[in-house]
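Each structure below is given as structure tokens.
Consider the two complexes below, in which chain A is the common component and chain B and chain C are the respective partners.
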Partner chain A sequence: MGALAIKNVTKSFGDTHILKGINIDIEAGEFLILVGPSGCGKSTLMNIIAGLESPTSGEVCIADRIVNEVAPKDRDIAMVFQSYALYPTMNVRQNIAFGMETRGVPKAEQNEVIARVAKMLQIDHLLDRKPSALSGGQRQRVAMGRALARNPKLFLFDEPLSNLDAKLRVEMRVEIKQLHQRLKTTIVYVTHDQIEAMTLGDKIAVMKDGVIQQFGSPEDIYERPANLFVAGFIGSPSMNFLPCHLVEQNGQVGVTLQGVEAPKFIALQDRAGLKERVGQKVILGVRPEQWDVENTPDALVCKVKITEPTGPDTMIYSEVNGVEMIARVHPRAASGPGTTLPLVLDVKKAVLFDPETELRIA
Partner chain B sequence: MATPNAHYGFAERWLPRLVLAPSFFLTLVFLYGFIAWNGYLSFTESRLLPNYEWAGLVQYQALFENERWWVAVRNLGIFAVLFIGGAMAIGITLAILLDQKVRGEGAIRTIYLYPMALSFVVTGTAWKWMLNPGLGLEKLMHDWGFTSFTFDWLVNSDMSIYTVVIAGLWQSSGFVMALFLAGLRGVDDSIIKAAQIDGASLPRIYWKIILPALRPVVFSTLMILSHIAIKSFDLVMALTGGGPGFSSDLPATFMYSMAFTRGQTGLGAASAMMMLATVAAIVVPYLYSELRKDQHG
Partner chain C sequence: MAETRFWRAALYAALVFAALYYLLPLYVMLTTSVKSIEEIRAGNLLSLPAGITFDAWSKAWSTACTGVSCNGLSGYFWNSVQMVIPAVAISTMLGAINGYVLSKWRFRGSEVVFALILFGVFMPFQVLLLPMAQTLGLFGLANTTAGLVFVHVVCGTASTTLFFRNYYVGIPDELIKAARLDGAGFWRIFWRIILPMSTPIIMVTLIWQFTQIWNDFLFGVVFASGDAQPITVGLNNLANTSTSVKEYNVDMAAALIAALPTIVVYVLAGKYFVRGLTAGAVKG
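What follows is the complex of A and B.
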């Protein structure tokens, strides 16, 4: 059963095209992340799913029902907003009850739901407080409680953690994940934070300029990014993009990389369609953690420019093929600025992009 | 804090006081001094000229037995309720309508706010011409052929006070709208979205969520409108002159005619004290609650 299906949805204001044909399909119980830089149309798409805006063309189906003409309140959805959007003059209890009151839920049942939700989110002791007397994290819980009280088919989270401080954000992220595992409802979650996207999502839709750049599982997106944008957007520090030429040596297709010593040939094994491109320019995409410090003859010797210890790992900034490159290495293997370091590439995980189309080749 | 330069320290300490002294002194004399003087006069038998012989409460007794005073008080009641209530209702409605992302909002807002730029005298004069049966609306309708049309409130002693209400509403509703529009703009958009998803209709959203959140705006607007209502003088003078007869008198016009045209200074002073008491009854509790909030805030 499809929980949410978006078919060819577009949204334009005059000549400004915010969404250019969005297609998404997720199953019940899945956690969908819409991620992208600001202005990519993710919030507009969210508003269209919620029914707060209507699409210029295309169809939105929730639980196999076309809801284009259905009012937000009849879509069986609940939404959590970035600014929490709590009703300022009502206390927590009234905030949670407001929707049920509007729908005419009997008082006894309301109290039951409030008690259940408050217990689940540990906000029992806050029920009689006004939102202004709550901390950011507590407001966030209340906003989630208000959504949970509805017990909807679809939860919508619009950048819910953006207003929290870093520590609280991590805590709430885990809580949202727990909540999802417990309730098994379908969630659509908008964020611009790629870590939230990777940690929470079952499916991720990476958006840019009103187009879905890639739609897939977090592993797909991380290991097989569809294009340079997705590769650069997901992952921190970003993937390194090293410009090179495809060459053939001893019957093997590969690229040459140059650190401080003579260029090294690195063979790219078993990849389809590379033979035809020999001689062409390509971009080799290597994630920082795909480098290892290893003193072998095959190692690429690089000069360390800057080191950034993060605790568990140390980031090494150096230069390869004329561009800056970051390697994430073990702190004990790292050496200080000005020294050289032999780095070995995990070739199997490296990806290749066409510099013209920016699409992944292999 | 010790200042290295004694001369500079002296200036720093005395300059603010020196600068504030003239306005402080003027306020003390011309505001509080004259209030006190007026208060004293209200306990004397002053007629055309002040008379400083203590006479107790005779003026207040005379005031409370004066039929014209009670007409003025009753008129103030009608005017205040209709003016404040009407201006709030119209202003809030306009603000909510204008908040729905209307095209040309800037122009519309200016048009509604413009009457506030006119003085009450101009408003009163303009409406006097429009409501004059031989000159304005009634004549226009007659000229168009609706000869049975009558609108003679201006010259009807039962209805004249309502013309003051109409002119007052025309002048002040736009101002109320501006205050509420500013308040509405401060409300987070996503609160409205959240309420829509919760299933609330637009009137319910405004009534249950947004207007309660604008309580401070409601209070300040009430304060501003109430003191405009109680002080109302120029509008009545320009529009009806208190007439026909004294049917549209307000306490302020009553005070003016007693003190300055009919040589009843003592009686005028007593009525002025009654107005002061009314304003104080509204302002003092408000100030008290606001100041207390500041201390605890």
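What follows is the complex of A and C.
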């Protein structure tokens, strides 16, 4: 059953077009991530799903029902806002109860729900406090509690963790994941943190300038990015983009890479549609972890410019084909600045982009 | 060290001087109002009273002549009370609702409406006199307290709208969105969410409106006559009624009676005034 379907939704404020034809379709129980740079229209799309703003054109369906004309309160959704939006003059209990009170839920049932939610989120001891007397993490929990009290078909989370410090963020991320596994409610979750996107999502929609650049599973997005933007946006450090020419050598199509020695030919096996492009410029996309230090004749010898030890891995900054290139290698294999390292590429995982259209070609 | 102490002393000296300078008229009024007329004529302006007598106060309140009638200020005082309470309450309420709409329920053209309302804040009220006189006549409100209330509500709503609108702009929109998802509508959000957050700005508005309306002379003298005149007009009449001897103590007592309510309001609600003017700078 389709939990949420967004069909050709556009949104314009006067002459500025914020959303330009959004299409998304997810199943019940799925965790959808909307990710993209600031100002790309994520919150606007959330508000449209919630019914707080109406789309300029297009349809929003929740649980297979077109809800364009349905009021926010009747859409059976709950939302957690970036600023938490707790009612400052009410205590935690009243904050959680407000929605139920408005819907006319009997008092006894309200108390039951509050008790259940407070227990689930471990905020029992905070029920009589005002939001101003809570820490950031506690406010975040209360905001979640308010959403949970509703027991909705669809949760909307608009950057719920972005106001928390790094450690709390990781904790809450895990809790949200557990919560989703327990409740199995459909969730739409906005973030511009690509780690949150990768770790939480069943499906990820990468947005830019009001257009969905790619919609797919985290694995799809990471391994087979649709274009240069998605490839560069997801992953940290970013994918390396090495400008190359497609050449043919000994009947094999490939590219040449140059470190500090003579250019090296790298064959790209079995990829459709490359033969026709021989002679053209392409961009080879290689993630930092797709390099290995290996002393073989095939290795590309690179000069180490900077090293960045992160603990489990060390980032090696060097130069390939005239652009900066980062390799993530084992700390023991790394060597200091000024030395050279033989690097071997995991060719199967490398991707190719057309520099004109910026789309992935293979 | 010695130098900073010197400057600190100089600073306090300047502050004390300024405070005394502004308090001196109040001191003169207070002491004069409790002196007997003989002492005033004999003594000097700044001396402390030899004996305290409240005769001047009771005369100013109940028997001093204001024009032809000699019933003191009491009638005028109650007129002002009857005028100021509904006028302040209604204009504050309207300002709150207007400000709520103009900040949280914007509609096409709401910025234009706000600009027009702002215009009302800066308009000199003299231009209103003639059209307002006609309007009051048309409604049958001429020369009544209800008429004065109407005038003050119309003229005060511009400022109160400005106050509330600017305060509410600082309240995050997400709060409204959350309440809408919780199923609350326009009025429920206003009563349950917005109004409880408004205490500081309500206090500011109350003080401002109370002072404006209580102290107004122009509308009082133009739009009210006889029974409905407010205290400012009464005070003016009292001071201008010629008696054989000028009774300074009665005049001073009358002026203090006229000024007392605004002072009381400021003392009761004043701490919110400064707080309200700076609120919104920090999110809570």
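In this text, the second predicted complex is superposed on the first by the 362 of 362 C-alpha atoms of A that agree within 3 Å, B and C clash if a C-alpha of one lies under 4 Å from a C-alpha of the other, contacts with A are read in each partner's own complex, and residues count from 1 in each chain.
In this text, a contact is a pair of C-beta atoms (placed from the backbone, for glycine too) under 8 Å apart; a residue touches a chain by one contact, two chains touch by 3 or more.
These figures come from a predicted structure and were not determined experimentally.
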item: Simultaneous placement of chain C and chain B on chain A, clash or fit; value: clash
item: Contacts of A:T314 with chain B and chain C, given as first, second, both or neither; value: neither
item: Chain B versus chain C as contact partner of A:K73, first or second or both or neither; value: both
item: Chain B versus chain C as contact partner of A:F98, first or second or both or neither; value: both
item: First, second, both or neither for A:F81, with chain B first and chain C second; value: both
item: Partner chain in contact with A:T191 - chain B first, chain C second, else both or neither; value: neither
item: First, second, both or neither for A:S132, with chain B first and chain C second; value: second
item: Chain C-contacting residues of chain A that also contact chain B; value: 47, 50, 52, 72-73, 77-79, 81-83, 85, 87-89, 98-99, 102-103, 146
item: Complex contacts: residues of chain B adjacent to chain A; value: 188, 190-191, 193-200, 204, 208-209, 212-213, 215
item: Contact footprint of chain B on chain A as seen in their complex; value: 47, 50-52, 72-74, 77-79, 81-83, 85-90, 98-99, 102-103, 146, 150, 158
item: Of chain C, residues touching chain A in the complex; value: 172, 174-175, 177-184, 188, 192-193, 196-197, 284
item: Complex contacts: residues of chain A adjacent to chain C; value: 47, 50, 52, 72-73, 77-79, 81-83, 85, 87-89, 98-99, 102-103, 132, 146
